[in-house]
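In what follows, chain A forms one complex with chain B and a second complex with chain C.
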Partner chain A sequence: MKKNTTEASATTRRSLFKTFLLCLPMMLLTFMMLTGGSMPTGGERLFALAATFLFFNLLFFLMVRTGKTDRFRSILFITLAVCFVFSFISNLIAVRGSMALSRATMIEGGAPFCHLVIPMTLIPAVLTKTIIFPGKILGSYSIAGMFVIWIGVSLALGRGLCSWFCFFGGLEDGFSRILKKPIIKNISKKWTYLPYAVLLVVVLMSALTLSPTYCQWLCPFKTVTEFVEITSVKVLIQTIIFVSLFIGLVVVLPILTKRRTQCGLFCPLGALQSVTNKTNVFEIRIDQDKCVQCNKCIRVCPTFSIDEESLGRGRVKASCTKCGKCVDACPQKALFYHVKGTSLSSKLDRYRLLFLYPAFLVLAIIAGRFVQDAMVKAINLITTGTMI
Partner chain B sequence: MKKLKGMLGYIWAFLTVIIVLATFMGNDYFSEQLASATGITISPWFSGGEIVKTLDHGTYKTYIHRPVFDALIGEKRKGFIQLNWEPYAGLPPVVQETIDYNGDNRADFLITLNTKTGDASLTAHSPTVLFIERSYGLKKGWAVRVHLQKRS
Partner chain C sequence: MEAFILGLSNGTTCVAYCAPVLVPYLLGEGKGILQNSVLTAQFLLGRLLGYLLFAVLAWGINRSILQGVSKPDLVIGPAYVVFSLLLIYYGFFKTRTSCKTTCTHGLRHKLMTILPVSIPMIAGFVTGLSLCPPFLLAFTGAVEKTTVIQSMFFFFAFFLGTSIFFIPLPFSGLFRGFSALRIIGRMAAGLIGVYYLYSGIMMLIGGYTI
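After this line comes the complex of A and B, so read on.
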């Protein structure tokens, strides 16, 4: 009887009115965060704000009404990544004239700080009270600002940060959805330990050399953001390495495996975030009574966070990014979002909603800025022939 | 106990929305608090280190940073010293500076910078002075880094 109740609550579509009521708080919050307390001036900015607001809230409405999470999350997540890259590169070109980061800009602390650098900066920060990055402590794209966001989002979502905040993750997510079926199906479990090895190596190397090793040598996302000006053979080698990693881990392997290979098999921040999942209140659980061992969740998980062992334990691995793909895919509705400490047998939809509010809010806030900016630039490009 | 755990779970879940709002709405405030509470600065390997001496030449100034040998624990054997000349508008065609970076009252090196082309040359008077990194045109003026090594 209990089983039927939970099954029904997870699959039934909500009425339009009830969905609207549940979406009202999100509408208010996204409006408040997108406007920042003041309405923009200028037709194109106003249009971008209205379009962004409607687009975001339509996705949330559909999430709440249909009970599908990843289907709609992925649309916004991929949009965020595309708009971030477009907005970031166009800003760089407007300000600096190129995507290349000169040594002079580094001396002046002009490099924008991103969350992927955080693991490397922790030991030197504690021991030397300095941040090993050529950025700014305060201001826009600042180090302190990104640390605050990282702490806040980690407290709220744990490793959910990787699927609801990371403005790079959407690139792989997008590429992983191109093919209908994966070409490479079997990936050894051993590879899932690689991010922890990368984390260990880059943290130790960064501490020893007092330089952000991962940023300098390995970060694939420099290909679509900014990279150090090639002035020496060393920088040329670094460039070849990170471009190759981008092509391999962010484009080719996600297409062939239908997984987020950079996130699941390489990212050191992802490895660190797995620890935050242990202390986070939200988790994905597996109802072993409902599970028929079809292994669909194992096949679809983009970050290799479910295996046969997980199904036996009723819990996914710590590397879970809470994207909801497994929850959407399970034909038995055996996987569900859960609030730690509460009962496992009922109120599954309530748990999901309790997760969706903070998670979608994070995604909407971070995407809002870049989607609006990209939209304004695209409008300017079409109407005036220039983005600025 | 079960009920209490459940209650705490719900409270914590509800608080996450507040945490998210506070994180983004109070980002500037929390950033400043974090920066001032930790006293964190940018590594001198990137920023060039603190300015320890300013030479006023009338139309322009020379800023001498402290020698940087910082390591995770202790000091490295090799480091550098950064010099800045500002502002561009007040700089003569060529600037020349004799530097005693270790305060032993003996000139350690002589540096010459062509402020039009950015070409810089170094005359070392001490075996601890190694070579000059290229000059950098910053927003306000020129910067040069001279590589050093510790006395063995």
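After this line comes the complex of A and C, so read on.
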């Protein structure tokens, strides 16, 4: 078995020259996106740009050369989440002096709009022609901007958004990699339906109350971004709920189960994204002739998207985030990226490359800003004692 | 007519209040259109009973009988707590009874058999007691009536106006073929139960500010 695996890896490893040629388009694209058309002037900004560019392209180079996807994706994905939190919190403290969101800021429409709010704004927007979120329509962190990005990424990647775009997912992805073996192994299949129930409830409740129910009550990531000032028992209860959900679903359970429990068992946007997987051209397929039913893919899938039934059908579930962990883990190379409607027998790594270009570019674009910003702030902190 | 138009104009708000309770339940039961129509009718009957209760209350207020009740939340709050706990149990813990011989003995089995029938009516009754703005408007209108019959007719007309919007709900049963939807519906009902549990507790503690 080990010999077969080594042989399979050897066949997917590309030559340095060919890898370089395949990486050239990504180098050009990431350079364009990171610079935004103009080179920064400050020394620390120039250093951050160069370091970010090299870091991103090194990871992409290794992905292309080794044939491994998740091994290098996860590094950037976790970096994105950590840098996002660092950059976001430091910005809040610089602008507002605290992470707490005051009522005055909400009235002014100063709350940043994130992609997790999208499902609950759709029906009220149709019914009342208003957006039930105290954010800006245009500008940075705006509602219109996030909607456009969400539609674009959903069309390009489907639920791949959860592993190649979401700036929160890297937190639990990171925690899920701490232990070598899971302590909790058996989770009832029925809980994988919970995200759909949460989606149904937050959509109905948001339409009923004309307020972003998920943001107010459930979003665990408010713990590491911003939250409403505690001025009443109601807000205190809300705070206890979302902090508990963060500790439970983003920290403790991912460590114990080695899975992304918030994404796989709770996130309403993830449930909505599963629907977009149906219309997306990329998918993960299972070659039933090669599969030896070792169930390794079932054990490693972070979002509970593969079970015995999937192996029988040769397809993963709609909740697949296309992270590539199962593809990397399969000793028989029975799992592979695939473009719907194309042959299942021709050179399969081409499909992976076709997926990697848009997926990595999305990740690099979203991560670029936060990684650079976090790096500049860290340099400032070290050299001047202040982040600004 | 005034009450009917009031109900009609505010029906979408009423259905928005009730749909989070009724739709997950209908999906959770996974029955056909006919059975769902019966469940919806039970729900509406419960709602009507809630309305009629308020009609009596309105008349009572009109006659200054219930002036002593200063905190109605202390009556409605415990009801929310009890019924929401029932909903949570239904959503996450209730298992279907498949063998009739095991259902004939014991209080637990009796409850398991009775509750699925009565839950829609109880839920309808509880949502009927919701003090939403259109309801308060109707209540204010009913308070103006001088006899209990007039007050009840007023609320009945209001109920008819709002009930028109419930007609599409039984068609949730079209999804009964998908077993996953049943699980999702039950879990959603359980989550709604958590919301009502919170509402009940807040009513009891009076929403103190710190």
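Everything below uses one rule, namely that the second predicted complex is superposed on the first by the 377 of 388 C-alpha atoms of A that agree within 3 Å, B and C clash if a C-alpha of one lies under 4 Å from a C-alpha of the other, contacts with A are read in each partner's own complex, and residues count from 1 in each chain.
We take it that a residue touches a chain if its C-beta (ideal position, glycine included) is under 8 Å from a C-beta of that chain, and two chains touch if they have at least 3 such contacts.
Everything numeric here is computed off the predicted structure, so don't read it as measured data.
> First (chain B), second (chain C), both or neither: which does A:Leu54 touch?
Neither: A:Leu54 stays clear of chain B and chain C.
> Go through the superposed model and pick first if A:Ala207 touches only chain B, second if only chain C, both, or neither.
So A:Ala207 meets both chain B and chain C here.
> May I ask you to decide whether A:Ala197 touches chain B, chain C, both, or neither, giving the answer as first, second, both or neither?
Touch status of A:Ala197: second partner only.
> Determine, under the contact definition given at the top, whether A:Val95 touches first (chain B), second (chain C), both, or neither.
neither
> Touch test for A:Val281: chain B only (first), chain C only (second), both, or neither?
Touch status of A:Val281: first partner only.
> Applying the touch criterion given at the start, work out whether A:Leu21 contacts chain B, chain C, both or neither, answering first, second, both or neither.
Neither partner.
> When both complexes are superposed, which of chain B and chain C contacts more residues belonging to chain A?
The larger set of chain A residues in touch belongs to B.
> Taking the superposition as given, does A:Leu381 touch the first partner, chain B, the second, chain C, both, or neither?
neither
> Check the residue A:Ser232 against both partner chains and state whether it touches chain B (first), chain C (second), both, or neither.
In the superposition, A:Ser232 contacts chain C only.
> Hey, what residues of chain A end up touching chain B and chain C alike?
127, 207-208
> Spell out the part of chain A that touches chain B in their complex, as residue ranges.
Residue positions touching the partner: 29, 33, 102-104, 106-109, 123-125, 127-138, 142-145, 147-149, 151-153, 155-157, 207-208, 210-211, 281-282, 339-343, 351, 354-355, 357-358, 361-362, 365.
> Once bound in the complex, which stretches of chain C touch chain A?
Those residues of chain C that touch chain A are 12, 16-17, 19-20, 23-24, 180, 183-188, 190-192, 195, 198, 202, 205, 207-210.
> Considering the complex alone, what residue numbers of chain B touch chain A?
Per the touch definition, chain B meets chain A at residues 2, 5-10, 12-14, 16-17, 19-25, 27-28, 30-32, 34-35, 38-48, 70-73, 82, 134, 136-139, 143.
> Please give the residue numbers of chain A that touch chain C in the complex, ascending.
Touching chain C from chain A are residues 127, 190, 193-194, 196-198, 200-201, 204-205, 207-208, 230-234, 236-237.
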